[in-house]
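The following pair of complexes shares a single chain, chain A, combined with chain B in the former and chain C in the latter.
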Partner chain A sequence: MHSLAMLAFGRVGWTDLKPFIPLGFAFGGIYALAGVGMVVLYRATGVLNLSFGAIGTAGALISWWFINHTGVPDVIAYLIAVAFGGVVTLLYGLLFGPAFAARPPLVKTMATLGLALVLVGLMGHLAPPLNASPRFLHLPSSDWRYRISGAIVNWTEIIAFLFAIVLTFGTAAYLRFTKLGTAMRALANDREISATLGVPVRRVEAAAWLGSGLVCGAAGLLLADQLNTLDPNTLTFNFIIAALAAAVLGRLRFLWATLAGGLVIGLVQSLLNAYFSWPNFDQSLSAYRTVTPFVIATTGLLWLGRRRVITVARSGN
Partner chain B sequence: MRSKKTPVGVALAAGIVAVAIAAFVAGPAATSPKLGMGTATTAKCGLGTGKKATGKPILLEGIFTLVPGIDFTTIGKLAQAYFNCVNDNGGINGQRIVYKLYTEQLKPDQIAALAKKIIEQDHAVGVVGNTSLLDCPVNHKYYESKGAYLIIAGVPGECFGTPNIAAVNMGPRYSNMGAADAMIKLGHVKGTLVVSSPSAGGIAAYANGGPCLVAKAAGLKCISDAEDLPLSDTNATILKLVQEAGDGGGVIMDYTAETATALLQAAGQQGVVDKVVWGQSTPVANEATAKVGSANGFDGKIYIGQEFNNLATGKPDETLMEQLSHKIGLPAQAFGQMGYLVGKFVTNALLSVKGPITFKSYNAAAVALKNQKTDILCKPWYFWKLKNHLPNNTLPTATYKNGKVVINRPCAPVPAVDPLVLQARAAEKKFHLNTG
Partner chain C sequence: MALAREEAFGRAALKRSLTAIDRGLAIRGAGITAFLLVVLLVCPLAGNAWTKTFTGAAIYAVVAASLGILYGRVGMISLGQIGMLVVATWIGARLSFASSMPFPVLLLVTGLVTMVVGVIVGLPALRLSGLYLALITLMFAGAVTVIINKWQFPNGGHGLIGHLSALNVQDIQTVRRPSSFGNDDDYFRYVVIVCVILFAVALAHVSGKPGRAWKAIRESETAALATGINITLYKMWAFALASFMVGVAGCLYAAQLAQPSAQSFATQDSITLLATALIGGIYSFWGAVVAGVFAQVVPYLFTAQGLWGWTTDANIITIIFGVGLLQVLLTAPGGLAQQFPKDMANLGRLIWRLAGRLRPRPA
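Moving on to the complex of A and B:
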């Protein structure tokens, strides 16, 4: 049985894999959080927000600044980060949403990339690397640690995982049972008809921008703690690539699929660390773990699209 | 009717204001020497005259890697601070040094173009201070063809194994060897030694190869690990390294401070500090990283191959280096020591030139340097005409204690299991290069 298990796991034992599981679920939870935020926004506004990572990172940096340079309590600093995410995203939605509303989805998406680049540039200028004394954002929940079956688990990891599940559940319920949620779903189906039927389009879109921005701010804090860095480039691109992959797996529509996708990406990427000697030390599987989001997203899309009927030609005129 | 006293009153008021402004600009009467003039406890910059140099500029330029996760510009900034100090203290016999830093992003064609620009377009007198993952391998033949002799802070093998380049440091390979030697002799590593370096620029195989020679000589297994920077998950990376080493094994982390500090933090968070013996190359030997290390349980448990003597020794060169670091808003650190030494040795070369300072005369002076004493290094430094250069091959080892870096093994030679080490020691003996 032990030999079969070793074979199934590519000759890596269960003891070696165990420590990476809590980390994998924590990162997966953060990716799922961000992915759900992106999907809700996309469904309501048709905008795929590529500035998600940059906004979350900027919020984390602002939180760090408050903690290290003012007398503000840490909790307030964290709330400022979350609020920053909500405010910036909302402002962008209010200022640029209507202007780009009638444009194709690609144009709307590229516009958010512009916001991302502006933020990354500002962060690089205002928060340059400190070399010997790099910045860290350490959440107090990371100090509450437990050893469970040989793996270290801390409360930040548990929060990230549970928050993703609760948020997905809550958002699904909100969209189904509340008036605003129903209006968001209506907008997602057809913006013009919804407007004609009296749905307050601007207000519904604003709610979507604000909600996804608040999630973005929270996810930025969690990721900064888990990655042990506040380097703007590392956080921004780590964030957005995996979140996008999770959202794509959910086909930018299905929240539970986005949650599952995010968790799978986080878990697989983490578990691959254990394959440092397989097939050999020089070319191990763990060296390729950073491509996990791309591989899983591509594989998932191919699998999900396998039964689609494609019309090659029409008969007639 | 206009009073005759009015113009006099205005003139008097203007005179008082002018005197006040002059006094303000002049500042209080000097009661202590200016920075760089030298005292019993602080070295001087160049001539140490306290007078600003205003003569014809001497152009020096350097190339530094700057990419996410790796920033070597600190070394250039300290060298620049030293040259500014020299300019404030008489310059090079009245001539002032102008030092320009170029950054590169690990693109070979960009780096080759920069070297050509420095020598052929900018007509710099010297190429100095370069700290780059690719400059030595890409450009060393070009420098040889032009007769340029570079005093730099080196990283890849070509910075130590070619005739026209001499580094003030020993680079990650030999720094890791010092750490490995201390881990084996003092830390009693068992079984496996894992050495982890950045994959950028293909540096890992070179940097890890040296400590692996030390490990094999001691009968240990050695695993060479290369990580893409920036690290996507420091917690998982640290768990992986510990698993590779096994209980009682050793892990050497060969990263610059920003990455290494995150790994130290991750090790503390994952509760794996006591599972292995830890080692690290020079960049983490500073107070900021020591605070993180101590907070995460690394006191006495890490062996840092520190290429230079400790910070805050109170000795003249070290004190001046720290004053210059403070002046430009940087914490005292090993990169600062490298930049300082580049500045010091280049200045010594320039001051030794008899006659006009030109590209030819400066480079001839640079390569003729030997027995350059400094309290920052274990032994005097040299350039000299040799096939390869490892002038810095003796190092102390440090650890953390209560947020400070403390020496746990004084100056010891890098183990003589590497060919370059053997060649360097033979040349030192033959030409009396570091006898003091």
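Moving on to the complex of A and C:
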């Protein structure tokens, strides 16, 4: 009861919260990035890629391996992680996309869990946990710090936040104004009619797979740095749940709502963290803050789905 | 005259179909009885560690069957069945320490409490379409993982959570088993019998009125509504039945593990369950048995036990399940339960044809 009263009467002051706001925007930005990647792919191909978490995590692990076991410059290692995301997603799309094209969205989505299991198994096999010296991926941008009106902000946070906004804006503009973007929107509407009208379906879908994979690789790197862990299970799990939560808040359709959803989740999670790390607070509650994405997304889902609608799935949709 | 002939013909046809059904039932019944006899008598001979694995497989088969009811029969995908199993195991352990009711009553009460939880989680199913339901249940499983890592399982402590840290080692208790089935072999037989009862209950539902309603909903919700089926009621019914089964399975699991811990459940277990249930065959109860074997016995065979001295990493099995999931979704939606008899029949025909070629032909 005491802790509740403290929450309500705000004994935790503004100055205590300040450092957590940039962190919240950074996490929110990463969630939004992954969410936007998911939504774009879902709109173009009807596939909700649940292997996003595993792909991003595998990319970050590969990057760690290149940095620690080869003489490759760090920047190249980061690019390899991003490229890995793109290549794996594209390969999956090329191999399995056409085969599942005519199946219901639910089946397409379950199939991506197969890829997730393969990647999780590979990571567990090739990168077993190092208990003595756990792996970490530290982006150099996290060392460049600034003080903005009392809060310390590092460049990784700024990059994550700006990247999310630029990506959402860029993707929205791309879908609106370019030929390929128009084709993607056409596909989202009706695959068969688009094909009849001469839209190169396979090529457009491949572009969506590649683009979303690249975004996923980048988001995986940023999240590995921000969460300060490379443990495959923790990272995969946090990544996919938060990205899904953001995508769900965007109703798997709206890019701006996905961005807003991701930012809200990140911010709420971080502010709860602030409350829980306050010295007088009941520390035992802090474990629950990880539940934030579920609670927000579930509430959002129930709110958005409050009207009972029966939908009849069209074949090929 | 013609009428009488038709009537006689009809009667003969009816008689034929009745005997045909009887024969089919008899073969099936004999098959199931033989299978159960082998399981009950032969499995405990394999040694203590194996018996424990088989107990796990039987429990897992029930969980896979619950997923089969939701997805295979009604078309609702739940990615949170392992989350539900965690909840049930927790409730089972909690009730076991809090009360002294006889074990069968404990099973029933755990089943009923889990059923209530399942219906509450499943309520969104009434509003959300398939994909969103999958996501909400996946998130439920995630939230359960977070909370159970914090709460741990009851082990004889006080209060709601009832968890004692390892420091109070002298006070830590184990979840009790039915009084005359204390050792692992007897407990295995007990679990198998309870699981058979659960399968029978599920089968009775599927072959009765609810089963027909579920099938109609799976084929087309709109058409089902138009024919006057109460969609809300039957969807809830499916959730209630599935959760009840998982509830009883969870209580059995709690007693099997004796001291359940959060480490007994891996994060990706929900996905592995989906993979094995689909590989086994989501539309059939035999498929659920195969799923139990795949999820528990196969990993044990290749990791702890080693097959002819060849051991491997559990992660390799995860990879194989991933590939299997993709393969099943692509080429064999009915899973092994449907594919295996077909393949065997094809093989039999092939052998018959080859043998026919070798047979000397009459000149």
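Rule of thumb we're sticking to: the second predicted complex is superposed on the first by the 277 of 317 C-alpha atoms of A that agree within 3 Å, B and C clash if a C-alpha of one lies under 4 Å from a C-alpha of the other, contacts with A are read in each partner's own complex, and residues count from 1 in each chain.
Criterion: a residue touches a chain if its C-beta (ideal position, glycine included) is under 8 Å from a C-beta of that chain, and two chains touch if they have at least 3 such contacts.
All figures in this text were calculated on a predicted structure; none of them were measured in a lab.
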{"item": "Chain A as common anchor, with chain B and chain C clashing or fitting", "value": "clash"}
{"item": "Partner chain in contact with A:Y174 - chain B first, chain C second, else both or neither", "value": "neither"}
{"item": "Partner chain in contact with A:N233 - chain B first, chain C second, else both or neither", "value": "both"}
{"item": "Chain B versus chain C as contact partner of A:I152, first or second or both or neither", "value": "first"}
{"item": "First (chain B), second (chain C), both or neither touched by A:W256", "value": "neither"}
{"item": "Contacts of A:T290 with chain B and chain C, given as first, second, both or neither", "value": "both"}
{"item": "Partner chain(s) touched by A:F27 [first = chain B, second = chain C, both, neither]", "value": "first"}
{"item": "First, second, both or neither for A:W65, with chain B first and chain C second", "value": "neither"}
{"item": "Which of chain B and chain C A:F136 touches, first, second, both or neither", "value": "first"}
{"item": "Per-residue touch tally on chain A - higher for chain B or for chain C", "value": "C"}
{"item": "Which superposed partner A:A274 touches (first chain B, second chain C, both, neither)", "value": "first"}
{"item": "Clash-bearing segment of chain C relative to chain B, given 116-124, 188-196, 260-268 or 278-286", "value": "260-268"}
{"item": "Footprint overlap on chain A, comparing chain B with chain C", "value": "233, 287, 290"}
{"item": "Chain A-facing residues of chain C, complex", "value": "77, 124, 126-132, 134-136, 138-140, 142-143, 145-147, 149-150, 220-222, 225, 266-268, 271-272, 274-275, 278, 313-326, 329-330"}
{"item": "Residues of chain B touching chain A in the complex", "value": "68-69, 71, 74, 223-226, 228, 230-237, 239-240, 243-244, 256-258, 261-263, 265-266, 269-271, 283, 286, 288-289, 292, 330-331, 333, 335"}
{"item": "Contacting residues of chain A [partner chain C, same complex]", "value": "48, 50, 96, 99-100, 103-107, 109-111, 113-125, 233, 236-237, 241, 244-245, 248, 252, 284, 287-288, 290-291, 293-295, 297-298, 301-302, 305-306, 308, 310-312"}
{"item": "Sites on chain A touched by chain B in the complex", "value": "16, 19-20, 23, 27, 129-134, 136, 138, 142, 145, 147, 152, 154, 226-229, 231, 233-234, 238, 269-270, 273-274, 276-277, 281, 286-287, 289-290"}
